[in-house]
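Here come two complexes built around chain A, the first alongside chain B, the second alongside chain C.
This part shows the complex of A and B:
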């Protein structure tokens, strides 16, 4: 299991203006500043930090941060 | 029959011939009388393409274009060429703040260095006939850069730059050098890229009045450049955009 707090920080780091108060339940598209470049950056972050490749369809279908957290947790190589 | 686009009597080498645009160009060029030298990393893909070529005498080479000894082997073994389509390429969708030396090298090795080194060995061995045509696979993405496509765009801009150097240096031998710059072409490679969602594909396609391009559309542009019909064209970038910039 990856560290939840660290994952949320890594997620927040992909925004130009870092959003505050993110939780796993936060709906991705409700976050101010969410854009396609942030989605690409989240995918690149998951690859770089966790060695997990997310597809664009998985990003598209993710509703809240937990959906991405869950995929990364399932795929991470221990 | 009158056909200024005929490739009868011409031998054409195509890299990336096992799939997508390279495959379509190999098959269509053979239908117009060309003898094909098909090159690819993928033996299974090539073994499916070769029987689809019309006519006789076609050759194929399987290997990694980033391996210089493979490029030398090709230059030693091929008959003199009338056309070379530098079609093999890789893509990348890394946002700028995640770019690494490794990622730059991977894209530039395939998209830029490999064609340059291949042509060097072909030229040294005098395997490109007078009046031959070099066709470089560039991309409209070199000019209209989308987020995440920075490394790819840089590699294709570099292709356009060096394409003109070949045009300038080889014009005395009537060897021509041009690039093709398509916008979105839905190839097997692009379709398997993870970074474009189904929803994004739909959104993208609505921006093209003529729809997405197909590998055949680009193949026909390459065939024009191989043919004698384009004998007066060199140092040019052919843009293909499906009307998306109207």
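This part shows the complex of A and C:
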């Protein structure tokens, strides 16, 4: 299991203006500053920090941060 | 596995030509909110691009680049045994464009002429093709012309593609040599990714109709028709992450070279976000990665030779790695020497 707090921080780091109060339940598209380039940054972060490559479908279908967290966790186990 | 080695052939000269018209991304306020434009420019690294006039084609830009190459290198036109034209925007569907360029450039009727079609990986593939022909008995010199004019196929209301693409034409001369240098190519394909970058209509599978000429709105609010280029940025980035750094490592391995010792890494100028990712992943020194996308944008397959002309003209060159990747999905990397290559500065059309 990857560290939840660290994952949320890594996620927040991808924004120009770091959002506050993110939780796994936060809806991705409701975060101020969310944009397609941030989505790419999140994909790059998952690859760099966790060696997990997200597909476009996984990224597009993710509703809240937990959805991505779950994929990374599962992929790391495998 | 497509690992190809060429001995006894070299790149003799490279030139490039861009249109005069500048399209600034700061003028995209009709498409992107003003407060977001600077962020977009910073992310993609593209400040401005060059667009051709309506009546100018990729072959026109290549023609001018070729004329420059002949003049600067004192090349006898009768010595060109083959001309290759690489573009996804030929002058016509029939005839091919390479024969038109053979005639226009005053090359002899004994010159073989062939069109090639591939996206952003195209230059690496076409250079390999040029070297393959130049390696054969009976062909000493191949002129490779690579040009694109994506301004003709990008909808100005497309939020993904309008900030990215620009136009350019280039010329590369490949010839036999006795200098003992070796070029190594690794070429790859994954056609299952055909939807990532695509123009859905306008060719044999789906001809242009009144219906598919009609514009529609994508999920992100972009407006385009099926006769214009569509790109799924996330799919392309997923592909780049999986494929491109590995291909560069593999070509180094095949060449027996240490990546950190290679003089320059010339990447397809997709956008700075992607190229930075590749460079970081490879831990390659960023000061040896030339960039011209801030001024010319993503010029598809032309971007590799354009970057060489724009950033490396007048410098002493050695071993380089060239990397192209894009629609297909298709990608390739080449390790070769540009030690004997005369690179001319970019000219304007």
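Operating definition for what follows: the second predicted complex is superposed on the first by the 76 of 78 C-alpha atoms of A that agree within 3 Å, B and C clash if a C-alpha of one lies under 4 Å from a C-alpha of the other, contacts with A are read in each partner's own complex, and residues count from 1 in each chain.
The criterion applied here is as follows: contacts are C-beta pairs under 8 Å (C-beta built on N, C-alpha and C of every residue); 3 or more make two chains touch, one makes a residue touch a chain.
Keep in mind it's a predicted model, so treat the numbers as computed, not measured.
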Practice task
Could you look at A:44 and tell me whether it touches chain B, chain C, both or neither (first, second, both, neither)?
Solution key: both
Exercise for the section: Give one of first, second, both or neither to describe whether A:36 is in contact with chain B, with chain C, with both, or with none. Expected result: both
Exercise for the section: Check whether A:16 is in contact with chain B, with chain C, with both or with neither, and answer first, second, both or neither. Expected result: second
Problem - Overlap of the chain B and chain C footprints on chain A, listed as residue numbers - result: 36-37, 40-41, 43-44, 47-48, 53-56, 59-60
Exercise for the section: Please give the residue numbers of chain B that touch chain A in the complex, ascending. Expected result: 93-95, 97-98, 147-148, 194-200
Handout entry: Complex contact set, residues of chain C against chain A
Key = 36, 39-40, 43-44, 160, 220, 232-235, 237-238, 241-242, 273, 277, 280-281
Fill in the blank from the handout: The answer for chain A against chain C in the complex is residues 16, 35-37, 39-41, 43-44, 47-48, 53-56, 59-60
Completion exercise
The chain A residues in contact with chain B across the complex are 36-37, 40-41, 43-45, 47-48, 53-57, 59-60
